[in-house]
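What follows is chain A paired twice: with chain B in the first complex and chain C in the second.
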Partner chain A sequence: MALTQLKYEFSPATPRALPVPAVHFGVVGSGDMEVIIENKDLGGKAVATVVTPVTGFDHVWEMVLRRFMDECQLGNVAISINDNNATPVVVSLRLRQALLEIEG
Partner chain B sequence: MSEQKVWNKTQRDTQERMSHASQYFKPGTKVFEAKDAVAILEAVIRSGDRVNIEGNNQKQADFLSDCLCKLDPARVNKLHMVQSSVPLASHLQAFELGIAEKLDFAYAGPQGGAVAKAIASGKLKLGAIHTYLELFARYFMDLTPRVSLICAYEADKDGNLYTGFNTEDTPLITEATKFKGGIVIAQVNKIVDKVQRVDIPGEWVDGVVQSPKPFFIEPLFTRDPALITDTHILMAMMALKGIYAEYGIKRLNHGIGFNTSAIELILPTYGEELGLKGKICTNFALNPHPTLIPAIESGWVESIHCFGGELGMAEYAAARPDIFFIGPDGSMRSNRAYSQTAGHYAIDMFIGGTLQIDKYGNSSTATAGRVAGFGGAPNMGCDAHGRRHSTPAWMKCGNEFTDQQNFLGDVPRGKRLVVQMQETFQEKLVPSFVEKLDAWKLAEQAELDLPPVMVYSDDITHILTEEGIAYLHRCKGLDQRMAAIRAVAGYTSIGLQAKPEETRALREAGIFKTPEDLGVDRSRANRSLLAAKSIKELVDWSGGLYNPPARFRNW
Partner chain C sequence: MSKWQTLQTRSFLESTARQRAQGLVDEGSFTELVGPTERFISPHLPELGEAVEFDDGVVTGIGLLGKHPAIVISQEGRFIGGAVGEVGGAKMVGALKLAQSIYEKLQAENPAEVQARRPIVLISFETGGVRLHEANAGLLAHAEVMDQIQNLRHKVPVVSVVGSKIGCFGGMGFVAAATDVIVMSEFSRIGLTGPEVIEQEMGRAEFDASDRALVFRTTGGKHKYIMGDCNYLVPDSIAAFRQQAIAIAALPMDAIENLRRIGSRSAIERQMQLVAMAAEVSPTDAKDMWKAIGNENPQQLIDANYTDFMAQAKRLTPAA
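Our next item is the complex of A and B:
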């Protein structure tokens, strides 16, 4: 399975820190994905790296991630996503669930 | 001198045809042997006849269908097949061989592609694609079968039939055929001395044959809880809070997908927690869904009338006569025509999935190259315009139906809730929301008069996706409906056209609600909410009465 790596950068207007050093959520099952969010000094920015077998959906990944970042305003974080054909629906759900896990 | 008028030509013709068949019957009975089945069909079927092979979406007269394909096309041809469903390869083979010529049906299932090909090759002339009730209606009007090949569990020597748990279409086909002078031939799993219950009187049946093996049944309504995802559960939570609880839905039908299975499986958990027991989901027109077992066992359900049976559920249903419709003999009887009538007139909500929804809200399961058919969904997925009784759910939805006053003035009228529950993307990232339905392309390829739309937009009241719920009937006019559809369409090309300020206004107006607006906690959307997480756990809930088919047994 050939994998594609995608990288995105976000500059939140009001960056806030992750309250824990790192959080891991989800599993790389079929149609699913895992996400790891880690604290990292990036001058207020956030970066996201996606490893996925799917091609041709780069803009959808960007939109899903942008909407999530707009909502959560996390800064100084590195987000790593290992995807196995998750739909945008599942991606959104896993990101929000990861956030809910750290915020209780 | 005027000629004597003859008023019983069909009956006389039937007698004449049967006289050629009589040599094959066991003396003094209606029983013939499987080896003579082709000869019997040769005797009773003539070119140009309208013929029904009982094939609904569950049990199939598969042996007789195979026999029909063995007729000599030089002697028997141009048959007009009128039947609920064509899911078997042999159904289409009759067209390939030149025995059959025209088809009027309701559902093609796995043969959808083959139907489209046969139309394209000119071997199959399509009459129309119907709903079940619509086709049944035509059996009594302009599509009455001349010969019907039906199936049953048991027959006695006089032709009395036991159709039992899987009664389905048999009574209706038999009555339409026999009372118009036609011929009815039945394949049965077993010839017995005395049938368990007379579902079809022997006088209405001309011949019975024990088929070499039991008739084929597809377990269409079994969904393995192990395959239910967190997204299904999130959407099920939204459905319960935003629709079932909001309207107090007591009488309903569920579609066959995983989304509605998820709803069934969170009734005893999330539903219980919301205090909804007794307030929702009390009466169903529904096949015996295994995933409803935990809710039944927890006391949620008062009654279920079934369109047909479901493999492995007979013993469970028989042991719950307060819930299912069980005969004096102790076994369930399904009857599709009655259940479809209940589903058309007496439910307050239909909820199910689809494949495509266009920007106006019309939905279809048709894709290019596949003539899938409708089955029963459109009769449930619509407001029954002949309905005159009221219920709180129907009245509330009608009161919210803003555009209704444009037609009725100040006269109150209710409205059926028709809910399309659909993830914005399906497997392989196929979008569920599209600019134009594939049904248009299909209509062109298969030369249909109109694109096969499963549920028209003016019947849909709610669209539920993982983004939230669009309450379409609360919209004023088509423009606002289209904006509400964009709001639930997520990252599809339709959803990406949503304007944030428009979506915000729809939320304020209560026309679009997100999980947060509904008070649904996303972090709880996981499989721990399922009352049963596997087929094995369904068996356990049933106290061992549910007996799943081998392919669902993995323990």
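Our next item is the complex of A and C:
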């Protein structure tokens, strides 16, 4: 019954810092998710933690997160996601919207 | 336009709990307390394999309305229907306690400034009441919130702001009734037992929850305004709710007390008169009551836009 917790690690080629200490975006509605992206000294790496009631999609999460990380090249950040059955498209959108909160 | 200015023009109904909280207070003044980065999640939901949220569905914080510190509690309906659990409830109680301590400090140190600078509490409701997953803790939270509202009586105005999609139902319907002032938009709703639950328990002949027009003329802002269950009806924008909050913050406490619908002998007498009136009219629809109150053409009021409705509607006013 417990929630699934997934952990991923990324090593961006040209890591850049998040310009603010932390950003939060999204609401854990049905088919939706929230994310916190925050600065953390990880020697240039980035880590992502996903908490979700869904099982069996570890590989899909990794692909979606990897594409986002390749694009934004954030380093020394911790990404924390609370998910409630969001589809990959929604996940991608919310991650980009979180960055727009600070950069847009 | 700054982010805050953009928020002002937004529909209150369509905004998130956090946007509402930020937009209700003066520009740049909102500080969130126990925000998402503190990660106070529900301890019960993971045990049940249910998704969690970092703020447990309640945004709490403090800002300013001019010289008045504004303590804001804003519920998020998209997370488990805004249902109140242990953590979210504790955040509500903590915010109300903060209002009390600010008031007491002001009263002790600067009594002459109390009227000009006293705090105000704004609770934006979007909830069906107790979160059933953590029922006992949720119920206890409701009782504690009610207790705190009573502690603030005659000291700090506690304002219900009801402009959300879900509205305010269940135990939180009682909590809203216990506040000093209720502000609504016509698109939001207040009630105790929600429409779906009434239909489930009593049958469709009693209440058809799929009939949106019926639901809104029984629980919606226009009906609550006519019946005197809500004090102010405002258009659906964050700016409109904010303007009303500013006006309420400026009122003396005696005037705030007069806005209460329950909680005094005179208020009880008014309620008893209303019960007697309802018994006499024996309405089969909200429209029957509207008519008895002096609205000749209730259907016209239902169809009317905000401005026309406010110009035409006759109502029972909470203040005697």
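Here is the rule we use: the second predicted complex is superposed on the first by the 103 of 104 C-alpha atoms of A that agree within 3 Å, B and C clash if a C-alpha of one lies under 4 Å from a C-alpha of the other, contacts with A are read in each partner's own complex, and residues count from 1 in each chain.
One rule holds in what follows: a contact is a pair of C-beta atoms (placed from the backbone, for glycine too) under 8 Å apart; a residue touches a chain by one contact, two chains touch by 3 or more.
From a predicted model like this one, the values you see are computed outputs, not experimental measurements.
Q: Classify the contacts of A:Val64 with the two partner chains as first (chain B alone), second (chain C alone), both, or neither.
A: So A:Val64 only meets chain B here.
Q: Could you look at A:Pro53 and tell me whether it touches chain B, chain C, both or neither (first, second, both, neither)?
A: A:Pro53 contacts chain C only, not chain B.
Q: Go through the superposed model and pick first if A:Gly31 touches only chain B, second if only chain C, both, or neither.
A: The answer is first: A:Gly31 touches chain B but not chain C.
Q: Touch check for A:Leu93: first (chain B), second (chain C), both, or neither?
A: first
Q: Examine A:Lys45 and indicate which partner it touches, taking first as chain B and second as chain C; both and neither are also allowed.
A: neither
Q: Mind sorting out which residues of chain A both chain B and chain C touch, each in its own complex?
A: 85
Q: Please name which positions on chain C make contact with chain A in the complex.
A: 16-17, 35-37, 39, 41, 45-54, 76, 78-79
Q: Mind pulling up the chain A residues that touch chain B in the complex?
A: So the residues of chain A in touch with chain B come to 31, 54, 57, 60, 63-64, 85, 87-90, 92-93, 96-97, 100-101.
Q: List the residues on chain B that touch chain A in their complex, please.
A: 229-231, 234, 423-429, 465-466, 490-491, 496, 521-523, 525
Q: Chain C touches which residues of chain A in the complex?
A: 1-3, 22, 24, 27-30, 32, 34, 36, 38, 51-53, 80, 82-85
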